[in-house]
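Which chain is which? They are A, B, C, D and E, in the order written, and residues in each are numbered from 1.
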Amino acid sequence: MIEFQAVTKRFDDGTTAVDNLDMSVEAGTITVFVGPSGCGKTTSLRMVNRMIEPTNGTVLVDGEDIRKSNPALLRRRIGYVIQQAGLFPHRTVLDNIATVPLLSGWTRRKARARAAELLELVGLDATMGKRYPAQLSGGQQQRVGVARALAADPPVLLMDEPFSAVDPVVREGLQDELLRLQADLDKTIVFVTHDIDEAVRIGEKVAVFREGGRLAQYAAPAELLSNPADDFVSSFVGKDRGYRGLSFLEADGIELRGVSTIGLHEEQSSTVGGLDWTLVLDEDRRPRGWLAPGAVVHGEPADEELRPGGSLYTAGTALRGALDAALSSPSGLGVVVDDDGRYTGVVTAQQVIDLIEERRKEAA
Amino acid sequence: MFDDISRYLGSESNQELVLTQLLQHIYLSLLPLVIGLALAIPLGWLAHRYRAASGVLFGISNAVYTIPSLALFVVIPVVLGTQILDSVNVVVALTIYTTALLVRPVCDALEAVPFHVVAAATAMGYRPLRRFVTVELPLSVPVLSAGVRVASVSNISLVSVGALIGTGGLGVLFTSGFQISYTAPIIIGIVLTLVLALVVDLLLVGLRRVLTPWLRAGGTT
Amino acid sequence: GDPLKGGGGGGAAGGPIVIGSADFSESELLMHIYAGALSNAGVQVSTKPRVGSREVLVKALQDKSLAVVPEYSGNLLQYFDKQSPASQPDEVLAALKQKVPSGLEVLEKSAAEDSDALVVSKDVAGQGVKSIADLGPKCSQYVLGAAGEWKDRWPAKLTQLYGCTFKEIKTTDAAGPVTVEALKSGQVQVANLFTTASAITANGFVALEDPKRLYPAQNVLPLIRSEALDEKGKAALNKVSAALTTEKLTALNKRIEVDKETVADVAKEFVTQNKL
Amino acid sequence: MAAGGRNHVIFQELFAWLGDPAHWQGQDGVPNRALEHLGYTLLAVFGAAAIAIPLGLYVGHSGRGGVVLVGLSNAMRALPTLGLVTFLFLVAGGSEAGTIVGLIVLAVPPILAGTYAGVQDTDRGVVDAARGMGMTGWQRLWQVEVPNALPLLMGGLRNAALQVVATASVAAYVGLGGLGRLLLDGLRVIDYSKVLAGALFIALLAVLLDLVLAGLQRVIVPRGLRVAAAAVARKPKAKVKPQAEAPEAVGRTNA
Amino acid sequence: MIEFQAVTKRFDDGTTAVDNLDMSVEAGTITVFVGPSGCGKTTSLRMVNRMIEPTNGTVLVDGEDIRKSNPALLRRRIGYVIQQAGLFPHRTVLDNIATVPLLSGWTRRKARARAAELLELVGLDATMGKRYPAQLSGGQQQRVGVARALAADPPVLLMDEPFSAVDPVVREGLQDELLRLQADLDKTIVFVTHDIDEAVRIGEKVAVFREGGRLAQYAAPAELLSNPADDFVSSFVGKDRGYRGLSFLEADGIELRGVSTIGLHEEQSSTVGGLDWTLVLDEDRRPRGWLAPGAVVHGEPADEELRPGGSLYTAGTALRGALDAALSSPSGLGVVVDDDGRYTGVVTAQQVIDLIEERRKEAA
């Protein structure tokens, strides 16, 4: 657990970077600091490991005032990951990861063994260990950065825009990886970003900062989207927030319907489906497209006949996917698949809307 | 020591001597700077434009730098057939050094011109020469001026060596003072060299400011 | 003057004529004296001090960089004719007039003589060494300090006359502070200095006598490029030679080397006093 | 042009000079002069390194006094070699030590600038990460800043060596040995073969020394940094040269 | 009109950047090239003004083979805008804009006058003309970039990720500005981006490139979203494409409903609205938030009472906004406002869904 108690930071030039911050980060959660550039996110984060000393107020880590610990020793107990990883260019990947264990007096052998373990944990091949940072892609470097921060198994992890230098696709992979890791490791993670999408995707709690280093709202992501504290927050979380908020609505209770289907390689003698849309599946029962009502098919459906399907909704995930599947489907029926991508049913936009309305009523 | 210096400078003929040598020193160090820069710009452009040329040019300029100045001063009249006491020898030698010293900065400076600005110029229909003169060269001034400042300091300090081969400049104060174990002229020579270097440096900084009004406007290239 | 023509002041075709000097202060002094006398005679002059060694000076006269330089008769003769046996003042001058290459000429010699001399430290002198003849047999124990060019001129003759071959010849400078310091500190035991050098008495050195005339007579005289000076100019320089004596020269040197008076000022005063 | 024919003769004479065994023996022989020259150079470079490296590391690491240091070392570059050497000779009463001190003074700026720039140029993110991981000041200096500063530091050292090799020839004027003797003595008697031979051997010595230092640089600069520099150079659009490959960036003077 | 006829570009190192491209860009339209990094968008663009010469094939501009014109002259007839604007840092804004006219031999006076005109056209103050580019914000720089490209009134404009260096809010403003300009100017614009949102927002036609420089689909944005040609395109256009596709559905026919409202400064005696939600408006009738059913208010509604509203839907714009307004509203009623932001009514998600279904049926 990390507590900020009336923490203020004023730099020598008079800038107030953090203004009277009072908040506590729960142990074992990912808490995200988000806000526009210059709003004091980095400053707040760095006061936790004493890279910056507060002007006023107290920071506690696990109940202890951090001013009582030696900064170097404190930092070895707190993992720190920064943008572009900050890897040591002159050391191999393995030696980079082994840094903190070595500083803490482990033997080289033990530190290396631990580093190899971590390399695997973050999903990198053991052969990467001998490379130098410059020989890795941006995404791989960030993984090494995370592994290095985890090396001495610190209870707390500070991450300052760790993924902002990599492209969107890799970035999403890294976010998933972090969530997977956290499910096992249960660290107390403070994660800084200026990307609201990343914040709501990753955070269990999100702290929105506004200019001048003041905390605008501190809440769970769903709450943030559905109930922004004020105009600043609502404009910061963006205009699609209603739709994005659906990411936090569970789909349980939604009833899957059926639709007529045919196999891609099944021979069809003539008209299929009559007045309804027909879903075409391949051998593995994965959806391949739709046949419009009254489509006439001889033999296998030709490519011209096959209307591409919409996005697919994986059963059990949030409502956002279900609505999009329905909206994007030419039939108006969102295709629902299981984890293996096999057809299990369809949903309509109407069902999603009804469910949302029901939930809203329950909440009231 | 200060007594010595004021006594030395008290003599009118010494004043005249110091002044003449100072002027000669300025001439001998700045003329090569100008010619060297004029030569280094096209060479640096070549190095910037063609990778192969850069290898050759940088190789040559490094090699030139291993020749001690004294040797170059002495050898030049032999090679050029100039008069042995001609100040042209020093000018030529220092021009060679200056050119060698500036080829890389010119290349670096051109390389530092943002790629997208050059691309934009091309896309707007600039022909290469006009683009070089009106876009690349002005934008290379900030980086280039650092190189020119190093070259000016280097030249000003090198000219003194010319005293060993009988060309003028403040170096004459060193040899004549040395001959009679008299430190006053040596100190005066050293101080004047330093002051000259400082003044020229300030002038170059001023020149750079005049040539780069957009930087003063609060931007960075 | 126009610096672009810095080296082109050989005279003749208008413009000031350039008077040069070797890279030691006595030569510079003489240069200034010549310059003063010539300019009083209405010749336009400029000076180029510290040009270098005799080799450089001669070369500079020949390639028209210079018009006049002060010289010493014996060494100059030696330079033009290594074999010349002449050693007495008049002999030397006569030989010199013949050997000077065409285009150059020497004017009247002055009475002032500034000979090279082998000088020993107090210690060596204390062992009874008074002349080079005394030194001869012991030469192989000693290191000589002299300018670079000494080695190319004198060793053979020294061996021939006095049977003296030094253990080592250390290159110092042209009778300047390096040589003096070397002798003072014991790095060398024998040094080549000039007889008029004030350092000799100042440091208790002893200038060795030269009974067999290793060094020929060394009368001060101007070496000029003939076409650079007209008769009026030559007369002015001859007047200087007439006024100079060894004593006067030594006294002038002392004012420069010991009292650190300005060379040009000392020269100017001399020119005025002697109405040159 | 007449120069062509003259040059031909000069080079013939030079070869004759080089072929004369007398020039290869004894105190005045090339081998001895070269050794003396090397001796002065090493003495001066080591002396300068002993002063400049710790100072550069301190200033670079602490960030204190950087502006003053850079200004001062730039001013030192303007010091005229000949003036400094003659002055120190007279002040030191003719001992060689004065001249060596002069050479050291001239070698300090490039090493200082290289060391300082090397520490300064170490990626701020990397230093920050080191601090964030709990490295103490010393650990950060030795484990991070020094290894990362090595390319520029070595660049400065190489510049200094080149400069001292060249400058040491001027020191012959105040009676030092070394290859400068060939230049000055040759000049006094207008023996161009000797002068050219001197120039040749000084340049040769400079090149050899630079090669040795380049080799040393390859050995001590961590491989990871070379890999990184190469990676930057390979990027087609990133035409900016990596700092590590441009030691000349710190500027050079010669004598 | 710009035509690519079997155009291929292979670089010296063997990379095929553009592979047999056959397409034509219609005169007077904005055509967007979109695709992942390295798929040859820039290369294709730069072959139009001969910054890059094709290895094979022919590029025609207005029916003429560009190889027949002198490159410098050709380029003066084609505007070019790039990321980071590529402004000349050493020239004032006015002189930057005047560049091409001056190159084409106009007098300085005439060129400056034209530049001042353009400055106004792109929405910048005349006083900006004397500044240097570094004194402008990123968005202002981009405007100057556009002005400069338009200076000689070229019929064709090439824009390579012109807005990708500015932040999302400014970016949207620039996109609107471009659309506004184009409505007047009617240039033939080729616009490169790797942001699919930008592509569908701006483009009348969108060309999706895939790796290796091949054209994957060339279609209108709505078609692209509803009918992606293959898996590559459908994954590239993203998983929210159903929702995003709503941007192309007009909202006409949607019937606005009413809801009880109160003024912010009107005194309320007690319970408001009974079982329904009440919308609070300020003096200008701009929505300020909701009061929950049964809320008790004495005097002005206190901040605790006021539930922040959802996103607002501007009447007459696409359905996307209407759905988001409804989904994000705590009452389930999306607030509809006019162009001045004044309350005009509410819509429900149900209405939107019904309208979508209706449209879908019509289309079938």
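Brief remarks on what is shown
In this section, a contact is a pair of C-beta atoms (placed from the backbone, for glycine too) under 8 Å apart; a residue touches a chain by one contact, two chains touch by 3 or more.
Remember, it's a predicted structure, so these values are computed and weren't measured experimentally.
Steps from chain C to chain E, taking the shortest chain of touch contacts, total 2. The highest number of C-beta contact pairs joins the chains B-D.
A centroid comparison over C-alpha atoms places E as the chain most distant from chain D.
Annotation: 53 Å between the Cα-based centres of chain B and chain E. Between chain D and chain E, the centres computed from C-alpha atoms are 58 Å apart.
With centres defined as mean CA coordinates, chain C is found 37 Å away from chain B. Across the assembly, chain E contributes no residue in contact with two or more other chains.
Counting partner chains per residue, chain D shows two or more touched chains at residues 89-90, 173-174, 184, 187. Shared interface positions of chain C, i.e. residues touching 2 or more other chains, are given as 52, 56, 59, 177. Contacting chain pairs (ordered by label): A-D, A-E, B-C, B-D, B-E, C-D. Residue ranges of chain B in contact with chain E, taken from their complex: 114, 116-117, 119-127, 135, 138-139, 212-214, 217-221.
Here chain B touches chain C in the complex through residues 4, 7-8, 11-14, 16-17, 23-24, 27, 82-88, 163, 165-168, 172, 175-176, 178-182, 184, going by the rule given at the top. If you check the complex, the residues on chain D that touch chain B are 2-3, 6-7, 10, 74-75, 77-84, 86-87, 89-91, 162, 165-167, 169-170, 173-174, 180, 183-184, 186-187, 192, 195-196, 198-199, 202-203, 206-207, 210, 237, 239-241, 246, 248-249, 251-255. Interface of chain A with chain D (complex): residues 49, 51, 71-77, 80, 82-92, 99-100, 103, 132-135, 148, 158. Remark: chain C residues 52-53, 55-56, 59, 147-149, 152, 168, 171-174, 177-178, 181-182, 184-185 touch chain D in the complex.
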